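Two complexes are shown next, each including chain A; its partner changes from chain B in the first to chain C in the second.
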Partner chain A sequence: MKKVLRLALLGAAVIAIAALASGCGSKKSSSGGTTTNSGGTKSANSVVGSGSFSNGSPAKGGTYTIGWENSFGFTNNFDPTGEYLGNAWGLYSNLMLRSLVGYKHQPGAAGNELVGDLATEAPTPTDNGLTYTYKIRSGVKFGPPVNRAVTSKDVAYAMNRLANPKDGGQYSFYYTVIKGWDAVANGKATTVSGISTPDNNTIVFHLTKAAGDFNLRMSMPATAPIPEEVGKCFEGKPGDYGRDVVSSGPYMLQGADKVTASCPMKPMSGYDGANGNHIILVRNPNYDQSTDQYRKNYIDSFKFVVNSNADDIFAKVQAGQYDDEVSTPTPKTIRQYATTPSLKPRMIPNVGDRTNYLSMNLTQPPFDDVHVRKALNFIVDKAALQKAWGGPIPGSIATHIVPPVLYNNGLAEYDPYATPNEAGDVGKAQAEMKQSKYDPGKTGKCTASACKGVLTIADTRSVDKTMIPILVEDAAKIGLKLTVRSINGAYTTIQTPSKNIPLAERPSWGKDYADPYTFFAELFDGGAIIKSGNTNYSLVGITPAKAKEVGATGSIDNVPTVDPDIAACSAKLASQRTTCWENLDKKLMEQVVPWVPYLWPNNVFIIGPNVTHWNYDQFTDGPAYSSVSKK
Partner chain B sequence: MTQPPDFDVSPGGAAIALPTATIARKSPSQLFWERFSQDKAALAGGIVIILLIFIAFFGGPIAEKITGHPQNQTYSQMTDAYGVPLGPNGTFWFGADSSGRDLFVLTMYGARTSLFVGIVASGIALLIGLVFGLVAGFFGGLSDTVLSRFGDVLLAVPQILIAVGVVAACSTTKSGCLGGLLQPGITVVIAVIVLFSWSYIARIVRGYTLSLREKEFVESARAAGASNFRILWQEILPNLLGPLIVYATLLIPTNILFEAALSYLGLGVPATQASWGSILSQVSSSGLYNVAWWLMLFPGAFLILTTLAFNLLGDGLRDAFDVRSER
Partner chain C sequence: MTFYIARRLLWTLVVVACVIGITFVVFYLLPAGDPALRFAGKNPNPTELALIRHRLGLDQPWYEQFGRFTWRFFTGDKYGWPGLGYTYASGSSVKAIVLARAPRTLLLIAGAAFLWLVTGVAIGVLSAVKRRSLADRAAMGFALFGISTPVFWLGLMSLYIFWSQLGWTAGTGYVSPLDSPTGFISHMILPWSVLALLYAAFYARMTRNNLLETLGEDYIRTARAKGLSERRVIFKHGLRASLTPIVTMFGLDMALLVGGAVITESVFNIQGLGYTAINSALQQDLPLVLGIVLVASVAVAIANLVVDILYAFIDPRVRYA
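Take a look at the complex of A and B:
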């Protein structure tokens, strides 16, 4: 009997496969038929609405629940001094912390407009751009357990903490222009001499050189005030303050009123980020709405819940169990919302101030030849890559380095490697390749041995797996035979210059604040190349000395540099500054060519049926939690 | 089964001579085939395996020829405006994957990857396990302790975690690791599988060897002055062949599934090399299971069919080799 059953099983399996194979060949699929032309003009590729949703007048109250995919992924355990995760900034900026200057928590260009927050206004620099004086707004108080007015000394304390490497600051490089910063960073001083607090309501920053975006730098969460009486409990313990963050904004960690501001401090119950479970925020009783023009604060409490299953997150959002999500909708979910009229308004794509790109290493053959780099720009089917991400809703096709929104929509039509429908152009690519030293026979294809087995590092996300066959196929058209290595967490490898990775599929970069400096300085500054954690993957501007220092080998001599351009643009202000960055973008795209930019991703959010008001926060590239409301 | 006596007894008690019956002496291979050929499931499994081997060698190229779709050619018309792959139609019999490649062609090439990994990895594991098991079982003492404990340690190691580490370590350079011996992709997958498979075989071989070395024919060989190598080679090894063949056929489907699991986790073969596991991983990681059923059905069905066929064959071989087994 046992044998009969097994035989029957095998027979059934064979018959099923045979039937399917024959049956499938005989008719058209009912699900087929929809083809797309996602090429066309750049504007046709952009699907971004108003960045907001409104269904009646917003009401106060309720608990707003957010499903957070996989893990919080904090870079410093939610300690604002070192926390570099954009989603964490969404919580800080909207709900918990008030930096000297902030934003209106709105979508689009208005959301990148700087306004006073803890300070009364964003000051105009004096002393030829070397001095910034901020006046602290009165009436702003710390939440429990501190319960006192915020003073300029609390900001100075936060800055000193940021300067001290022992406290875990992860973007302190933005503040090295402050006089005396390096002395603290090097352990030669404990306070930054260039920061003074003449009274409780005034703080002054003295710079060593002009930085036209200094006000923007003072909008980042690490600069928000920290009360010393609590901060001292966590000195030299990077990350630990995350469980006891003292609020200066409208919401605080649940349980903040149940702990005392004395060392050692017990963790506040609302923070369970260390266990990857939840974060609960409730209203800060000391918050005075009259001091804050831009946060609406309709919701009574926020609950951020980790959920490892993205499908479950979106199912719960649709069912109203979650109101919002910190996840990435897959093409399937995007299609469902885009094609279901009742759901469509609740999917909100927003400009992400981010660029996805292929990074070519200027020191590694064959990418040490600019013609090969240009040829790759011409051959890549960006429309297909856009589809791999889910089509025009998740992002528009990128044609240069910095998203136009950061240039006030400058360079919106700039496309130095335009191809029909953005689908790649074999003719243009091969014409470029013919000029390369790696195509001695002028065949239009890279025939040198350097083009065989070009090591390409990719990640293992589903979108990477979808993109790789497209890239391999495209590259082969100009003779580049890619050897793809898929690594879970590819960044670690490509951020190590000594690995000499020729081509990287994974890179994506978003702004830290609304200024192109946050792209150029971190991605193309030759002086900033480091041994590990390096973000200048293309090694633009690397010198032989620097190469030796970081262990990079290859064609090190004569790597083009843009360091002087970055320095020059950084000191400029207003429209001159924008124009300068635009020109640098063009120089990089046309002369240096370190990237193949292919997508300016949108941040697509899907909200639940109970949400009555929602809008995007352009600064944090996430939901403006301070403006949401629900039934 | 014993033969009946060649005589009978008369009612009076006198023996009556019966016509002489010819006793057909059967060789072990005849006995094996007699039992095996009666096992229809095992035979069917064997036929399916032969077919799969044919598909592994020729299926991919033939599929490319028939459809005109090269393995890694992407077809933008086979994904919709949202990048969701489209299902089977008259040209794409199995539909497309999320990159827009022909799933029929990929599935055929996937057979090559799965069978290659399954058979090669099992073969190497078998060889290593055989040598270690023989040495441990026959010589005993320190060699037994060292080899057995080493095997035990490997069995206690979390396989997937080690696989993640090995694959990551070998993938960051063009030359792979161990001086280029381990190339990322299929060779790393095979190495990882072998690393965790050989100790099972070694345990089994050791057990059999411990038993066989005490048998009379080994004792007599030893008394006749045979060397250890000769005893191992001529007395013990032939008696291990049956169990080894059985375990090999059972190990192959396990390793095919292990490769699928590694590829499912993104640790297996590159995205440009078709594998049933990596196709299945697209379904899960993209959440496509309820909108792109074909991505699960076709590679999944072939995976099930292959493992089922090997298991049925293995069961049949085991029954045929083991005369004590019930039918």
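Take a look at the complex of A and C:
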């Protein structure tokens, strides 16, 4: 009766909502706790490093619920062979899959250090860097329905699956250095000849050329073992394995113990597909904690639920109905947490290993002149752009290509286009412009017709709308008159070289694994330029032949290239490798100048009042689910 | 009447075919990009892209894809009849997704429609009968508020007050009535109310205007002169004649909401057909978009048919041959 009365009252009260709506302020509060961080990247503009939260000793048990904004957005239906969504990697790496090598699931540079996971250690290459031999750790078993020890053949099977385009591998280009890889990719072989398994505990990779980051490449989820008895049910069906992923880690899809490992396999109930609304992970009964030093596994089960309302996600996190989120806090939420002492410890910003930048097309006037590109770097008010993103919490000002954390905090102070308070410098910019062929009168402003109506492609997010006036005004100070076209989903346009886009406002790039190669090879390799889906937006290193192939026109001759630098750096190891990448970063910033980098975004996470321990996983750029705990 | 219904059903098929055809063409003519790129990773080579296009059937001309879709629809596919195919994103059956999401939307619409019809018509009648009274002005004030308030704002505010602050309702999400009837009502009461508020306002204004017009007719004066009670005059003679346009609007509103309650579904995290349609359109998941468009257009067409049939029962002047 009381409930009926309440509902009746509710119906009447809806009418009066407007009158009641004023004076919003939450009554809910959170308990305390301590937030720590592992060191920022640049003291002047950065307020954060990568963080963790602790509120007492972690306890075992509980269901950890995560609100996932709008839809899962998987690129391959959660099938690890092709899945390229970073949030999916967070689940694989922390909870479900054990690749040969892995990470400590920690924040900061330590979280990017490689450790043995399924393998006993990350091996040192032999044969002049051409051979990698991994020893499989004993005691690692597949979860149900396979229930047997993981062997080297399961890793080889996963690699062969990755090599075969029919199985949907989306980043197999990282493994073309393995001997025989291309033969499988081209359909001339079914297994990669450069992978051998002399026994169940050993797997050997033979490379065609040295790749100093090969161990890092073997940390990617697609390389994790797949049992052939299950995998064969999904050959030639990219994505379908996503609903039957067999666990080699501490957690498995709910319902894995209710299906049998025979074709055709029924989907496990724990995941209802990329169009669905839940992923539920429970403990893998075959997991042996003694084989795993870095995953703590306090939680009994994880529940990832899709929620179409971002505001509701954060309201539920604050109310304790969710513990965590896969979403982007709005400026309102950030402000609320930043200014409420009881909430503040539960907002944890973390360095995201990502760079936001403006890309200038080296083939299109006036950006075919390096002085114009440098002038734009000097004139852009990066502090204003940072403010457009919400200030220092959402990100620190970027001063070069690769975030310093990927150089183990190298180049943290490097800023070749430094201006007072990072607000732009008209004097320096105009001095640079005077050297340009587009300023024949040496006025400090671009006076040529090429600078009138410079096509600029932007996206339609709210932040883009804030950024565009800043860019237009800044560019005008050096005579560049931008014509901005805002497109919902601008990437499609700027990834098509034949559209000859001079300037793009949208680009952002994050690492795949903790090596600068994942920036340089994909963003500046002239040989990798393709007709659609191209990521070298500036067309660095494009040749006339390549331009003809992809339909690009403009100033094609004499476009600078860094292809030899990329090849040289990628063969190096350890500190030599890092230094090599740092030098390439400098060369790009000072000689090639394809970008105006302006922000190294942070990943800001809000956690619920029941969470007692949380830390960031630098590799996955998300929560270290294997370390979280709750009351 | 039977012949009329058969003829209308035939036209319904034509309308649905046209809608599907237009949706198909729009997807191909708008510069939305290549759906294959979504499944190709960061730096796909042409071979990989070609394989994905082939797998998704995107390497065929649009008219062939349309032909195949139509053929499967009538003959069925591996998921049975009607064949709606599988989604690009997950390879799941479109039909299964539509069937899973449709009850959420239908229950949302049904509950809200009940509320808006009852409150909207009641307020409209009250307002017309008590014209220029305080009740009339209050009712029209309510209508103005309902019409002018954005649904998303109303939704967020109602959540803030009744879930976050007062804790009277269960907040967002959906619980099946088969799993928990009370949980279902507790989750749906706010979306029902918010959605109903907007429509009730329209219905109140419409009922008031129609009834006022009808009450000025000669036959109403005649009815009163015959000595009928005012209640009988209003409800039997006045309201019945005023209902025709309301029934028309009601049928269309119900049908349009099958794919159109996007904001309510999103704010309250109901994840029905509208939300799924928007998401799949953003992800260029053409088969799922087509599946939902198909369901929504069938709903509109059938609702039109039902409304036309209802005319015959409400208005004695209408007879179908």
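Everything below uses one rule, namely that the second predicted complex is superposed on the first by the 585 of 631 C-alpha atoms of A that agree within 3 Å, B and C clash if a C-alpha of one lies under 4 Å from a C-alpha of the other, contacts with A are read in each partner's own complex, and residues count from 1 in each chain.
What we mean here is this: contacts are C-beta pairs under 8 Å (C-beta built on N, C-alpha and C of every residue); 3 or more make two chains touch, one makes a residue touch a chain.
Bear in mind that the values here come from a model prediction, so they are computed numbers and not experimental data.
Of the two partner chains, neither chain B nor chain C is touched by A:V550. When the two structures are aligned on the shared chain, A:N307 is found in touch with chain C, with no touch to chain B. Once the two complexes are laid over each other on the shared chain, residue contacts for A:Q321 go to chain C alone; chain B is not touched. Of the two partner chains placed by the overlay, only chain B lies in contact with A:T483; chain C stays clear of it. After overlaying the two complexes on the shared chain, residue contacts for A:A274 are found with chain C alone; chain B is out of touch. Shared-chain residue A:A338: touches chain B; no touch with chain C. Touching of chain A by both chain B and chain C, each in its own complex, is seen for residues 3, 6-7, 9-11, 13-14, 17, 20-21, 24, 26-28, 311.
Residue ranges of chain A in contact with chain C, taken from their complex: 3, 6-7, 9-11, 13-15, 17-18, 20-21, 24, 26-28, 70-71, 73-77, 82, 84, 165-166, 168-171, 173, 185-186, 237-240, 242, 273-277, 306-309, 311-312, 315-316, 319, 321, 489, 492, 495, 512, 522, 528, 530-535. Listing the residues of chain B that touch chain A in their complex gives 39-41, 44-45, 48, 72-74, 76-77, 79-84, 86-90, 93-95, 98-101, 104, 164, 167-168, 171-174, 184, 265-267, 270-272, 278, 281-282, 285-288, 290-291, 297-298, 301-302, 304-305, 308-309, 312, 315.
Listed in rising order, the residues of chain A touching chain B in the complex are 3-4, 6-7, 9-11, 13-14, 16-17, 20-21, 24-36, 38, 310-311, 330-335, 338, 381, 383-384, 387-393, 423, 453, 455, 457-458, 460-462, 464-470, 472-473, 483-488, 493, 499, 501. Residue ranges on chain C touching chain A, taken from their complex, read 31-34, 37-49, 51-52, 55, 87, 89-92, 97, 115, 142, 145, 149, 154, 156-162, 164-165, 168-169, 171-173, 182, 185, 189-190, 193-194, 197, 265-271, 275-276, 279-280, 283, 285, 288.
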